[in-house]
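Two complexes come next, and they have one chain in common, chain A, joined by chain B in the first and chain C in the second.
Showing the complex of A and B:
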């Protein structure tokens, strides 16, 4: 059959053959999983898997099991087994969803590169954790620079590497991969996980962003514990995504840097391999390499503008807040001190704020980070302006003051007159952060505010005790 | 699987439009260019073509931004998508798996009515180091999953584009930058590995046997599961031989039994070609002496191969390997 299609010459990207891939046909074949708004009890891995069943743009997912991410894959395998997702089409039963089992995490990342580059209008995902993410690194770092914003890599946080092996939640993996080029968003709770998944492809696929995304949540505490989840109907999920994707379709914004750093306003993004006459992943000399990196950096920074627009649209559709850069609790009016943290243990601190204030007689606030990369430095510094001291809660091993501590110090320094910053390590390897530990962190941060400087470069705490000294 | 008809001596190819163009930076005398021209013509078959390249000299010599002019049909983008070529480079070892992703995407789109054309040509390209050293996992598992891709593995016995380091296809005592003067170890049985992993079609043909090579390329593209074609390619820069010997060395590598022409479809008897019976088979000494990578063992003197004194056993080892290799591939053909 002849495939004459309108050829759309697309600058340095080559040609795109509009209509060579009939997305309408793909949409029409979608088999609805949730026709109505539904409330169920699920764990975090299932909450992260359900959107891939609901999106018509996601006919393929890739996987290789690793604790504690395995159930994401098992759930999708079970829900697509046999005839479950099949539709009748041209006289035969055709599966609309396919789960691809690979032989390793590295292969899963390679495979996603193939799917995502073939058709840039599809969404392809996988889930992994810890050394699985490390094993993907070579390919993940390539994906991060690739412009393939249709890749969604679910990271179920777990302590990285062995010596010793620990399968519980610890964001060492997410933080070790902060510079891989992905937009990283940390979640806590099943609803946050699900809602974050629904929004992120619209950010990654925005033509000025074109950056893959990495939603993340803590292993065991969020991956394995069940909670209530509102699932939106497939129709609403897909309608929101289409409307959110259209935010970038007008190309009305001035184009600072495009994928190839050509700076051409109005130029469409690169075509896919199947519907384009194009080359990607080329070799360059150092002079050109810098140009590519200028474009990459500009694109991920653009997420800071696009994310709030997608989040606003999400709230308009579903009545729940979209992805913020960070949550704030008791930050208005400006508290005496604030802690900056992330992950599921933040819930304990959030509940303790009134009692801490009652005990100390001081006003205390809490910031729970969501967007890790690009780090929302300016917004964070603005949120923390005027506080007497900041305590940063690091849940991952770091040879210095902690990944988050350094980011927060940097953000505060950028705005000048930075308050003292206490750095705390706790919850390493997924250990619970007890009330006694939270009390100690608030108390130590209040002392830093009174003293005008931190007591040490870092503290390592568990259950209200100092485990180690600098 | 449909049986590919033998090509009538390039007449078919002469009518096709090549997708490999001027502008590449392969070394003069490199046999990869012949391979790419053959691939470029064979894929002009009414199907969209996607080419996946692992890092290799074939990749770095043809995908250098901003002069990406080596791939594509015609002087500008073609009017029809089935004439177009999508090329992607990914890391050394990953070409088969990336290609598998491309194939699965095309298949699901086709199954659901979103891709209305013929199933595309999905070609993966790797060097032997990329495919059989760092990438052996990827190769074997893509075969194991019976992915419908045509994988071409360029065999020049070294990681050529990074400076001629040892690769596991190297024949004994071949000098390389990381294994000076080579070693007695025999190369990996790459054909046996692919057959036992479940490849639908496995072949080994040097482009020096041009009609046969074109036939094999066409057969690989038609294979309904994984086709693997090993392409022995004399490397003029790494092996250090005189200009004009590329094709001769490619043919000698076969005739001596070091890299015989071989092809086999799963479940059918295979064949060795262009390897004379032992009595008429050329010994390895002439082939070795033409290449400086063996000059520590054997070299040309007064136009004749002359073993470096004290290295007779090494030449004998290489000869014994060549003989065993023919026997082994004969068994694989009958497997």
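Showing the complex of A and C:
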């Protein structure tokens, strides 16, 4: 008798081991946590944790605590410890949700790889931050290349492992991990965090994408700030996810089904994927490595097509906008200048736009980035077309003009558009970005538009003050 | 003087209201502000609340913020010019200017003093409200806990939420914390009493009551103790972390210090004072205890000659402010 069990090679998820987990039973025994639409006051960590309680596809999460992500884990541990998510089965209490505590972040990432590859139909997640994400790096890069779109890694942004230690939020961790292979989406506010979580697995699991996802929000400024959240009923959350997952299985686009078997059209099969299965643990030579990366890159770029489809479906279900590539405020008609930023401080700028226009007599717009990886270069350049100057707000330390500044300059250059770009650094380590700082950034960008070039390579700002010469 | 426009009226006019509170870790400030946020969110108002996050141990200064408006609250920057400034614990008021950034605002202070006394003590002009929260805590809970009383004072002085709605929000918050029924009932009785006992006065604003801050002047030198600094303290003096009632002293009248430098190495704040001695090495002669000593006792454990010791003190160190 052969020791090798025959595999059932049916798409779109690659090799499947049907019956290993009884999905029907899992779905049937889901304990509804929110039967009705509910409005509650929560912080960002709880907003990011609730979907894992609501999805029947998420019976287990992995965790190792780190500030400021710890409450995500504590909340799920508390909610799953009691009877709220347990069922009675053959006279016994059986937990339908579990929190698996690991001995380190690295182990948590490895554990997710194990769960996610064991059953491609389950969603498995964790939350981490800063040095925790750094400690996962080895496994996270493997996950990013693995094709395991059912992994959701919540990144609670925190000034990362550079001296001095700071537990407050800046996105240097997210930006240091842009090339790990995850689809990264930045959120601000409780509702964006929750809504983003609801949508991302459908993007990551799309058979043309098959890429893990990393929703992110700023530590402290969003993780520890409470506000109101609309929670959708479990039934609606799961119905939306099923419909969104089916977007990749409709056969309306033949490439959806054929991708794993045939690879990217014109490129042959994606090397490294065994019948579409994960490449975790494979060692390849130079003969295959680059080819594998061709497939990996093609998959993550497909997110630019799939994300809007999932977002559209989300809006149809819940009446709120789905995940955009970026938010735009006062960009139509084309303003004199625009600032490009991300994270919670964008709210201050958004609220100030009318008063800035009144003060300066100029028209000013705001772009708040959401999709960080793959970076939506073409869409961004299109949105900024005709703007007299662009100011880019960087909240993370960078040795040059800033991560986002370089991305924006590249996006504009790619489209042959070259307005002056002012680069600003502020809010590093979670520092406050005051109204005076926003005023200075708008003013400096307006001057750049008049001058036709930026005044400096970059500006370091705090509370309306230039801190240092470049 | 014209009475201060009520917070309720300003909210109805579409203004955004910023609230900031100062207190001591473990004193209930954050819970009071959180409960007020939950109460406000039962209305048509949008509200955000957040604490100033730090490695605050019991007794360290803490700060909490709340921003509320009729439309969606988008502004995310810190509250630097509060419309309502709250002082949960007067010891915290010794270390920070809880009214910083205000002028003719609304003030709520947990104190047995009168509104006029509080206005004079903290140079306040505007609507000054006081509540003897610790006394009420002792009366209803047998503990000097002023948080529920302070919450009641906020409800009454701002008039932004009806007392019965606020009372239900309080019950909900306490229930969520799985407190026994009798404790919840005692807190609700305390809430009712605090609504009655709160007093306020309209105090004329003067140039002396102007607490608007100076512009940011740059970071300057990184101070000793900055790694664990009291971020709300004026001078980053970490002595505020220490337990009250004791201090550490260095006594070496007989010049016994052997220059081993173990205390210098072990002190996490780097405050041991010494001089190089050609014969003995590092000769210790004291430490900057009053400003930076957190009472961690590392020096006591390290010294082989027992030259450091913990002694009782009656008052707080004068320089710990």
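Note that in this section the second predicted complex is superposed on the first by the 415 of 470 C-alpha atoms of A that agree within 3 Å, B and C clash if a C-alpha of one lies under 4 Å from a C-alpha of the other, contacts with A are read in each partner's own complex, and residues count from 1 in each chain.
Keep this in mind: a residue touches a chain if its C-beta (ideal position, glycine included) is under 8 Å from a C-beta of that chain, and two chains touch if they have at least 3 such contacts.
Small disclaimer: the values here were computed from a predicted structure and weren't measured.
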item	value
Which superposed partner A:225 touches (first chain B, second chain C, both, neither)	second
Superposition-derived comparison: chain B or chain C, residues of chain A touched	B
First (chain B), second (chain C), both or neither touched by A:107	first
Which superposed partner A:233 touches (first chain B, second chain C, both, neither)	neither
Touched partner set for A:139, first chain B, second chain C, both or neither	first
Partner chain in contact with A:463 - chain B first, chain C second, else both or neither	second
Overlap of the chain B and chain C footprints on chain A, listed as residue numbers	none
In the complex, chain C residues that touch chain A	34, 37-38, 41, 46-51, 53, 55, 73-78, 80, 215-216, 218-219, 227
Complex interface listing, chain A residues touching chain C	41, 68, 164-165, 167-168, 188, 220-221, 224-228, 344-348, 350-351, 432-435, 462-465, 467
In the complex, chain B residues that touch chain A	48, 50, 52, 59-60, 63-66, 68, 71-72, 77-82, 84-91, 94, 97-106, 108-109, 111-118, 120, 137-138, 141, 144
Residues of chain A touching chain B in the complex	1-5, 7, 9, 12, 14-15, 17, 20-23, 25-26, 28-29, 59-60, 62, 89-90, 94-96, 98, 100, 102-104, 106-107, 110-119, 122, 124, 138-139, 142, 272-284, 288
